[in-house]
């Protein structure tokens, strides 16, 4: 037995994304944001997308390219504070934004990846984030039903991958990537390095390849991956 | 700044366990079962315990020592198939046993460790495992409320630890250990090796030390940790 | 741990008929699949796959990429499968915790599972974890495998030790999961579960249709032309 | 990402009064604590801890053991804190995903968080994420920090830019969390939240009781004897 080879060209993998699909995008700020996959999605042109991402990056970076190109109808996120352009789009109604508490967004995505229908949480009770949510009592205390999130595609940035799609992340570039890599029908990972089978220590794999459909090696890192000069 | 040192003697750490406490014990079969901590708990003698463990090990091994010493009142588990002694205790009513689907036990423990009240799952619907459980609809489909599990103590076996309690596991000895290490008020980890701060790669830590209260180095590995001769 | 491991200890010599059944079941595995083989007869399916066959074997105690079983003198004390057998890895294996392991199962990343059975119904219900009053070691991971793998097939003797049919109209024993089984492999036949009930797909060499009818507890349809022989 | 980062950009020079307030707040951190410092003023608290102080700093984007901030030329592009500042590690640091990060928060492993505020109420309610019609970049991780850290203290200017009191009887702005704040540090005073409302604990050097009364939007009790000065 040998494990299947999932190496793939970025453009070919991204070409499967259709209009109106839901797409999860890894990253918290620059670290872990799959810049190359995002550019491939801009080139591909699928529209009316629902994006799920922690933040909207900064103007002119990351998913801001998809906002600029008008491909995004809806954004499920936690915080847009660094992207005034995204806030303008939201305030003028050109995109619909759903805010989640950050850890609850993480849990909803993880639940989707774990085949769980929802988690029950008391986060946000007594605030407007609880508005409209179903309430269930657990041990006599009210909890909100936080339903699982799944996507048609997840776009993931890894430091290292092997041919089977086992992934390893570095430092704070991990963030939402391992969660989203479990929660989509098709998971596309870009990796800074792709290694032969056996070169990733089985104990050090962060995302088992079973969750990953396609891996593509980045031939070069664009300036968008670099330290942001402020 | 430096990180606090959590090294501790096994007997001192285990001495905090009280009668009627709930204790999670890592391990799936021999791998990952904290044999030394279990022996310390037998020596300590706390009674009327509720144990949460995937399985009951085999006769004369692991938590079977606690069953034999009569310290266990209740066992929350998934499968006792390798321990005929545990099955006898259950069938004769000397211990109370609650069976969970294995992945649901894992999710309930993880929920406890994640500060989530419960997960909603469709596993077991249409079987006797659903009996008596609260049902909530998500997207029009019935789900069972699987409430979070927490414990007073978790007993963890790690391969390597550092002074702060960061833990790393090997091979299939990981199993329930990282989940239980999040889900108890006090977490005691035995480690085959304890390393100075900085010797565990920050990307390769499986359980962040923030979850761990005490770490103890095993001076020798007893025969119980060895390959089982069948 | 699968519910039937006590009934099918690992190393018994098999009859020719059982060997042929297992070899036939091995052809159920398509290239690229992620597969979980239940304890007992299903585990032996792997012996009938070509050496270079691209497949990923999953075991619920936390490993993808199971390699060959190892004798005690060459075993790694930390590396077992869910049945407690000492196994090895392949290039590209990954280890993970029990929550992640069942996340794979419940979120649909398992293409196929092969399980044992006490009883199967013509609606595809499966009973394989409990015989009230006789055998109730717990459900282990079987319920989630049966309910959530994309395809569930059963490997079993056609009748139990007393000669009673295991393929029945309805199950008398407590269910593991409802309507989950697609196909049953026995030493006598390959039988599909269809919306219209059982359908004979193939028959074992040297077995007559009358013998299969006699050993089956419910009617089945037969192919319009000749019945393929395996 | 904390909600107030736009209001408190990282590198502004501070007044003496603010520096004194931050130095005082640093004394709130006891040895061995796990602490999350919100973006802005709270981040600067770390500059007032002794070099060898035993503490673990947490940032919600996936790091325990935050080391000193780094200038762009020495920064690691993959290593930021939740405010986007380039930081470093210390010996014993661990990286983890966003679900694990908030698991720490929600399950009670965070001993202390220091947050900014738009408004605080005398019942300990906190509003710091939204000014309807003006500022609503999303709640980020603030809601879970405020609701679930074992102790929540606020660092803020005593009044807003228009001179209006931030310490009020009730909050007019949308809440981040109810009844979560234990203590408020301002450039004028340290004020506790008690079941009876605000209680002046300490007063800044050179500030009169009358000035604090004037700048505070609700009554507060004062110590029976002299008010300690910081």
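As written, the chain order gives the labels A, B, C and D, with residue 1 at the start of each chain.
Criterion: a contact is a pair of C-beta atoms (placed from the backbone, for glycine too) under 8 Å apart; a residue touches a chain by one contact, two chains touch by 3 or more.
Please read these numbers as outputs of a predicted model, since none were measured by experiment.
Enquirer: Can you name the chain that lies farthest from subunit C, using the mean of each chain's Cα atoms as its centre?
Expert: D
Enquirer: Any chance you could check whether A-C or B-C wins on number of contacting C-beta pairs?
Expert: B-C
Enquirer: CA centre of subunit B versus CA centre of subunit D: separation in Å?
Expert: Distance between chain centres, rounded to whole Å: 36 Å.
Enquirer: I'd like to verify one number: the distance from the centre of subunit B to the centre of subunit C, where each centre is the average of its C-alpha atoms, in whole angstrom.
Expert: 29
Enquirer: Averaging over Cα atoms per chain, report the distance between subunit A and subunit B in Å.
Expert: Result: the chain centres lie 32 Å from each other.
Enquirer: Hey, what residues on subunit B touch two or more of the other chains?
Expert: Each of 107, 114-116, 121-122, 169-171, 174, 202-203 in subunit B touches at least two other chains.
Enquirer: Which positions in subunit D are in touch with at least two other chains?
Expert: In subunit D, residues 63, 95-96, 99, 102-103, 105-106, 148 touch at least two other chains, as defined above.
Enquirer: Draw the chains as points, connect those that touch, then say whether the picture is a line, ring, star, complete or other.
Expert: other
Enquirer: What are the touching chain pairs in this one?
Expert: Once each pair is checked, the touching ones are A-B, A-C, A-D, B-C, B-D.
Enquirer: Touching subunit B in the complex: which residues of subunit C?
Expert: Against subunit B, the touching part of subunit C is residues 1, 3, 5-6, 59-63, 72, 75-82, 84, 86, 95-99, 101-103, 105-106, 137-141, 143-144, 147-148, 174-178.
Enquirer: Using the touch definition up top, name the residues of subunit A that touch subunit D in the complex.
Expert: Touch list, subunit A to subunit D: 28-32, 54-55, 77-82, 87, 97, 99-107, 109-110, 121-124, 126-129, 159, 169-179, 206, 225-230.
Enquirer: Give the list of subunit D residues in touch with subunit B in this complex.
Expert: 31-32, 34, 46, 49, 51-58, 63-65, 67, 89-96, 99-100, 102-109, 148
Enquirer: Once bound in the complex, which stretches of subunit A touch subunit C?
Expert: 1-5, 112-116, 162-164, 166, 182-183, 196-198, 200, 202-203, 205, 208-211
Enquirer: List the residues on subunit A that touch subunit B in their complex, please.
Expert: These residues of subunit A touch subunit B: 107, 111, 114-122, 134, 136, 138-139, 141, 143, 145, 147-148, 168-171, 174, 202-204.
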